[in-house]
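Both complexes below contain chain A, partnered by chain B and then by chain C.
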Partner chain A sequence: MTTQAINTAAPSTRGMSPRQRTWRRFFSSPAGYISLGTLAVFALIGIFGPMIVPYPSGLGTDILQPPTAAHPFGTDGLGLDVLAQVVWGTRMSLLVALFAGLLAVAIGAFLGIVAAYFKKADAVITTITDVMLSLPLLPLMIVVTAMVGPSIVTLTLVIGFFSWPEICRLIRSNALVVSGMPFIDGARAIGASPLRIMLKEILPMVSPLLIVNALLTGARAVIAEAGLSFLGLGDPDTWSWGRILQSAQRDGVLVSAWWQTLFPSLMILLLVLSATIVGMRFNDSRAVKVKGALK
Partner chain B sequence: MTRYVVSRVGRAVLAVWIAVTITFFLLRLLPGGPTTLMLDGVNDPALEAKLLADYGLDQPLITQYGLFLWQLIQGNLGTSFYSQSPVAEVLFDRMPWTLLLAGSAFLITLVVGIPLGVAAAVKRDGLPDQALRFFGMAGQAMFVPSLAVLLLAVFALKLGWFPIGGAVSSFVEGPQYVASVISHLILPLLSLVFINIGPYALTVRTNMLQVLGADYVRSARARGLSSQAVIWNHGLRNAVIPAVTLMGLQLGTLVGGAVLTETVFAYPGIGSLIYEAVGRQDFPILQGAFILLAITVVLANLLTDLVCLLLDPKLRTGNRA
Partner chain C sequence: MSDTQNVAEAVPPVSEREVILDVRDLAVDFTTEMGRVSGVQGVSFTLHRGETLAIVGESGSGKTTTINAVLGLLPGNGDVTSGEIFFRGTDIAGYSEKALRGIRGKHIGLVPQDPMSNLNPVMRVGDQLAEVLLAHGKATRKDVRGKVNELLARAGLPDAATRARQYPHEFSGGMRQRALIAIGLACQPELLIADEPTSALDVTVQRTILDHLGSLTRDLGTAMILVTHDLGLAAERAETVIVMNKGRIVEQGPSAQILRDPQHEYTRRLVESAPSLASDRMKPINPGALTGQITEMPVILHVRDLVKEYTVRSHTDGKRKTFTAVTGVNFDLHRGTTLAIVGESGSGKSTTARIALRLEEPTSGLVEFNGTNIAHLRGRGLKTLRKQVQPIFQDPYASLNPMASVGEILEEPLKIYRLGNRAARRERAMDLLEMVALDASIYDRFATELSGGQRQRIAIARALALEPDLIICDEPVSALDVLVQAQILELLMKLQTELGLSYLFISHDLAVVRLIADQIVVMKAGEIVERGAVVDVFTSPQHEYTRMLLDSIPHIASRGTAG
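Here is the complex of A and B:
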């Protein structure tokens, strides 16, 4: 009875679910359409591009050609089409971003919630998180990738395994707020197990954060993958944006063959920028108790 | 205060220990163990046994670990696969350049970033604020080598204002040496500062906004102090200390950026050494470079925190409310 009365007394929601309201706010300015649209275009290129464009391999005759009608993005030092490399690189970068992002979010969320719920684990997890955050991660990822041997799987695992600390810190601070809420005490009072409380009560409360930070971590993973590939630690059997830059660096033509640098650089910039904007806008569009995104 | 210093130093030691331990066990946990890397496909059981004995790899893991730590404390980081010279020697040859590059980037980001963040916070949603928000986002989305190449193309090749690479011209002495070092430093430095300053100034802005909303700032205003006095005496003083600490936390990212920047500019520091070592599969160098950079970052972080301790009376008395 009372809940119905409250609902009818608050006409501002107009029967919209919180999710609908979030998306309405998200699309309230062109930035919402443009950023999400850009991400969609990247996804389309990554999924369908390699079906249309042949894999760049072997040797071509037109070496280091600036952009022409035949090669809109020019060719590299082996005469390979840079456009094809960029298209195949899109798939690679998206795959790494997706799986490394998911891995980092899974580890970060798990440790963050455990730290917030079990006071004894908190000190250990917080200390490790702080230490990880204070170490130079790129050199660490370089050592590990070089020793394990570069491949798309290595890159994904290494980036994922070293990207969780910031998520862990964020989830922990939000889960701390949630675990102090009365309904958690209620759940404990009716005999719910800690596992159940963490999975069914705390996790759903922080899960919107996970979506946002998976996006932002994915964006960072793109940059990390590009950095490792640029230093020569990319998968030698797959093209990636960083590897295009690496082959230009190796040939000493980073500046003179500008097309080899410009196009992959633009792809990185656009993808990271649009993923960041989507993540931030989604975060700002929600009106719920827990909020936060990586800076 | 002593307690704070002790616990802070303890955390620094812990950080270095974790960094060192990660690399040790990684190398040992690899399929085939470390000799696989050194033998590089050569099948020679006698040689492998000799290598195992030479490096103490026939000992139990825990003994090896103790030995490794002991060697490390003595500054022994092993021998480079490529040049056969001690890793520590190779690293210390290169280290001054990285310290110069990353250190000056650190200082400039701090000195320029704080006023930038304060200016944005004081005039919220004003032009500097909006510019900073855009700049901060762009800085995070920019891939360091992309920016470095752009600067190289425009300012070194097109305009010819700066040299295209290296750290110093040969055969120069005295004041010319200094001038040469500076002109070689500017472009790599700009790439690093540009990437780091936006996100940093944004954090300063957030801090400053929080401080400006605090009760003591409101009461200072109510006492009739001019807004300049409030901003500089009450706001900035309380926002600066967390801002300096934050810069310490950003050091790891800054060093990562330095590795990439050095590679583009062929700047002869640890970063380009890492790039060369990747190409030569020189694992001891990679491991040593990471350990050295980790120690440097942790020490710099510790130093930053101790400086803040001197600046902040709240920390000195131990009441960290």
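Here is the complex of A and C:
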């Protein structure tokens, strides 16, 4: 092709790994870099924000102020700066999302691949997954959190532990397709052990799905965390987006002090939205796709 | 079965009959991620009433694009950029979708390639046929049943009335293709386009389907475009052959002339490599094969009374029952030679290969590799076996991990057995690439970027990495284009001579087997029906089934039977 690079995707993909090609396609439209950029901004706020903004504690003098120059996001019923709460909350919400997502993906991927590769384990794992999926999650999370005692670690573990079944089911169905492919027979015939086949042949094939699902689960974890915190099951000593909402509700100002609900809700919306878009776009950009389940 | 050899005997001569289709200077472009890509360019041909024209080419040659342009069925990213398509004197290249709908099915019929996926699985076969008739006003609600039965019977389906009420899954592949032919010819079109109508079918079925298609179109006076990758088949079935390569017509003319005196370099190569046409073996006949000395060489794979049964659930009553895939299979593969197992789908040849690879365990029987019974081998013994027996699979697109680079694929076996350090492994990978005649620069590339032939070379290189004694080739060339097929077979032969390898070669294609095997085992329905040295089996087949298989290799009067 002798034409100049009018088309950004035109240069040869020679020598690029499937992963590189996936990312190239991912960044070929604004939806890709805007959504990933938003996630990056969230991460920066979570990491560096608390170093700049002081921890909101004690009592302030300006109670329930609407946004002003001094308090861009206004203040709450105790006179604390909502901006500071949102910044500190970002760190906590992201941590919960990250670890809950990792936990869910690790359990889900492990069980999913094992179920797909070992026919005997399949029945057991599938049954457990189905049972888990049929449980009403929110009430269960509430009960468990209430019994163990609310803390940020409990919250993370509970969300992570109740989110793996969907990932497990998806990974199983995809790994099932992969393990039926001739190159798996090829690996067996070379003498690769089951563990090696699962780790080196099947896992890389389903790993793009894991990235997608880690993001989606993380997004759901943010919502679950906000929900549980709003219900008073969060850690009372740390700020999270859910706790800002909960303190507004506790003070009975949910309706009047709009700034106290708007900003944390916006953060939740933005994070969930961009994580979902990144996940979906990544899925659409995958260079190597497994035929069959989930395109 | 009617006589298909004398296709051209009808009067008056083809060239004086009415022109049905006249394609002039057709060009099709596709818009892709990589920019605009030319699909076909400067394609011109003429088709007369009752004439059969074959378009031959490898994958990517533009043959399917050409017929899709004629049918107005180009995919969304493709469009006709120049040229005219005159169908019965009218240019239909610019026709709207609605206008084309009136032509497709009624005046131009299509027999698609894959009978498995081209019938609606939830609709009775008769209803699918009735739909075509009703849509084009060729039948009324009242008389449609009768017409459907008549059409199915004409397409060669016995007991048509019962068949019409059945669903596609109750049909075999050949029967489905007959149903699709009935649909294609339902409205008695002037033109029938058959896109690789038999490539998904077994060879023996292939032949009867093609015979039937030939006699039907002759009786109805339908012109036919036969799209195929098999030059031998094209020459046998069509009066005129068009050879396409890289989107252009490289040669066209009467089929006999193309075969006997190809003008273009590319056609010459095609004629020389087509297994069904080649009269010479690639591999010199093993001097021992004729005199029986081959059996004096040491036995590397010794199989006795092999039985493999599967428990399956019946489709009709859901009860468990035993399905016997392989029974009573005996053979000896001698060191340094090639034993071919030939059979159609369901013959048990692939199951035998999988057992020899110890990917499956036999229900009973003895499988000895170098004197050790490997039938139920496990643990350390199995790992030792794996090092000595390596596979090459059919589909190079599915047998290499698409996420891995060529280097990783080649070094994987070495890593598993912890052979050498990083540098030594890389060096070995480079040696392997050289052995299979690939450039060293391919080391860093990914399998997804390579062509089918290159991938199969990588698969061969990986099989060689551990210096095995026995290689089990399961249809190693059937997914490849003819020219590539010849190159891969040559490579396999060269490696056998150089490295003293033994091959267990599984294939459905007797023409391919004739080129390279020393001994042949013919399987049918899980049992061996014939065995012997390749020369004997080809010159004097004993079993009826073997004769049928041999007959289904396209024969060209001038040279085919010489082999």
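Definition applied: the second predicted complex is superposed on the first by the 272 of 295 C-alpha atoms of A that agree within 3 Å, B and C clash if a C-alpha of one lies under 4 Å from a C-alpha of the other, contacts with A are read in each partner's own complex, and residues count from 1 in each chain.
By definition in this document, a contact is a pair of C-beta atoms (placed from the backbone, for glycine too) under 8 Å apart; a residue touches a chain by one contact, two chains touch by 3 or more.
Just so it is clear, the structure is predicted and the values come from calculations on it, not from any experiment.
Trainee: In the superposed arrangement, does A:I107 touch chain B (first), chain C (second), both or neither?
Mentor: neither
Trainee: After superposition on the shared chain, which partner residues are touched by A:V143: those of chain B (first), chain C (second), both, or neither?
Mentor: In the superposition, A:V143 contacts chain B only.
Trainee: Mind working out whether A:T276 is in touch with chain B, chain C, both or neither, as first, second, both or neither?
Mentor: Once the two structures are laid over each other on A, A:T276 reaches chain B alone.
Trainee: Report for A:V96: first if it touches chain B alone, second if chain C alone, otherwise both or neither.
Mentor: So A:V96 meets neither chain B nor chain C here.
Trainee: What is the contact status of A:A192 with respect to chain B (first) and chain C (second): first, second, both, or neither?
Mentor: second
Trainee: Tell me which partner A:E201 touches in the superposition: chain B (first), chain C (second), both or neither.
Mentor: Only chain C; A:E201 stays clear of chain B.
Trainee: Just chain B (first), just chain C (second), both, or neither: which does A:S17 touch?
Mentor: After superposition on chain A, A:S17 lies in contact with chain C alone.
Trainee: A:A116 contacts which: chain B (first), chain C (second), both, neither?
Mentor: neither
Trainee: Counting residues of chain A in contact, which comes out ahead: chain B or chain C?
Mentor: B
Trainee: So in the complex, which bits of chain B are touching chain A?
Mentor: It is residues 11, 14-15, 18-19, 22-23, 26-27, 30, 37, 137-138, 140-146, 149, 152-153, 157, 199, 202-203, 249, 251-253, 255-257, 259-260, 263-264, 274-275, 278-279, 281, 283, 286-287, 289-290, 293-294, 297-298, 301 of chain B that touch chain A.
Trainee: Under the stated contact criterion, what part of chain A meets chain B in this complex?
Mentor: Those residues of chain A that touch chain B are 127-128, 130-140, 142-144, 146-148, 219, 223, 226-227, 230-233, 245, 249, 254-255, 258, 261, 265, 268-269, 272-273, 276-277, 295.
Trainee: For a test of understanding, state which residues of chain C touch chain A in their complex under the given definition.
Mentor: Spelled out, the residues of chain C in touch with chain A are 33-35, 354, 357-359, 382-383, 386-387, 389-391, 393-395, 398-405, 412-413, 416-417, 444-446, 448-449, 459, 462, 466.
Trainee: Can you tell me which positions in chain A touch chain C when the two form their complex?
Mentor: Result: residues 1, 3, 7, 9-10, 13-19, 181-183, 185-193, 196, 200-201, 204-205, 287-288 of chain A touch chain C.
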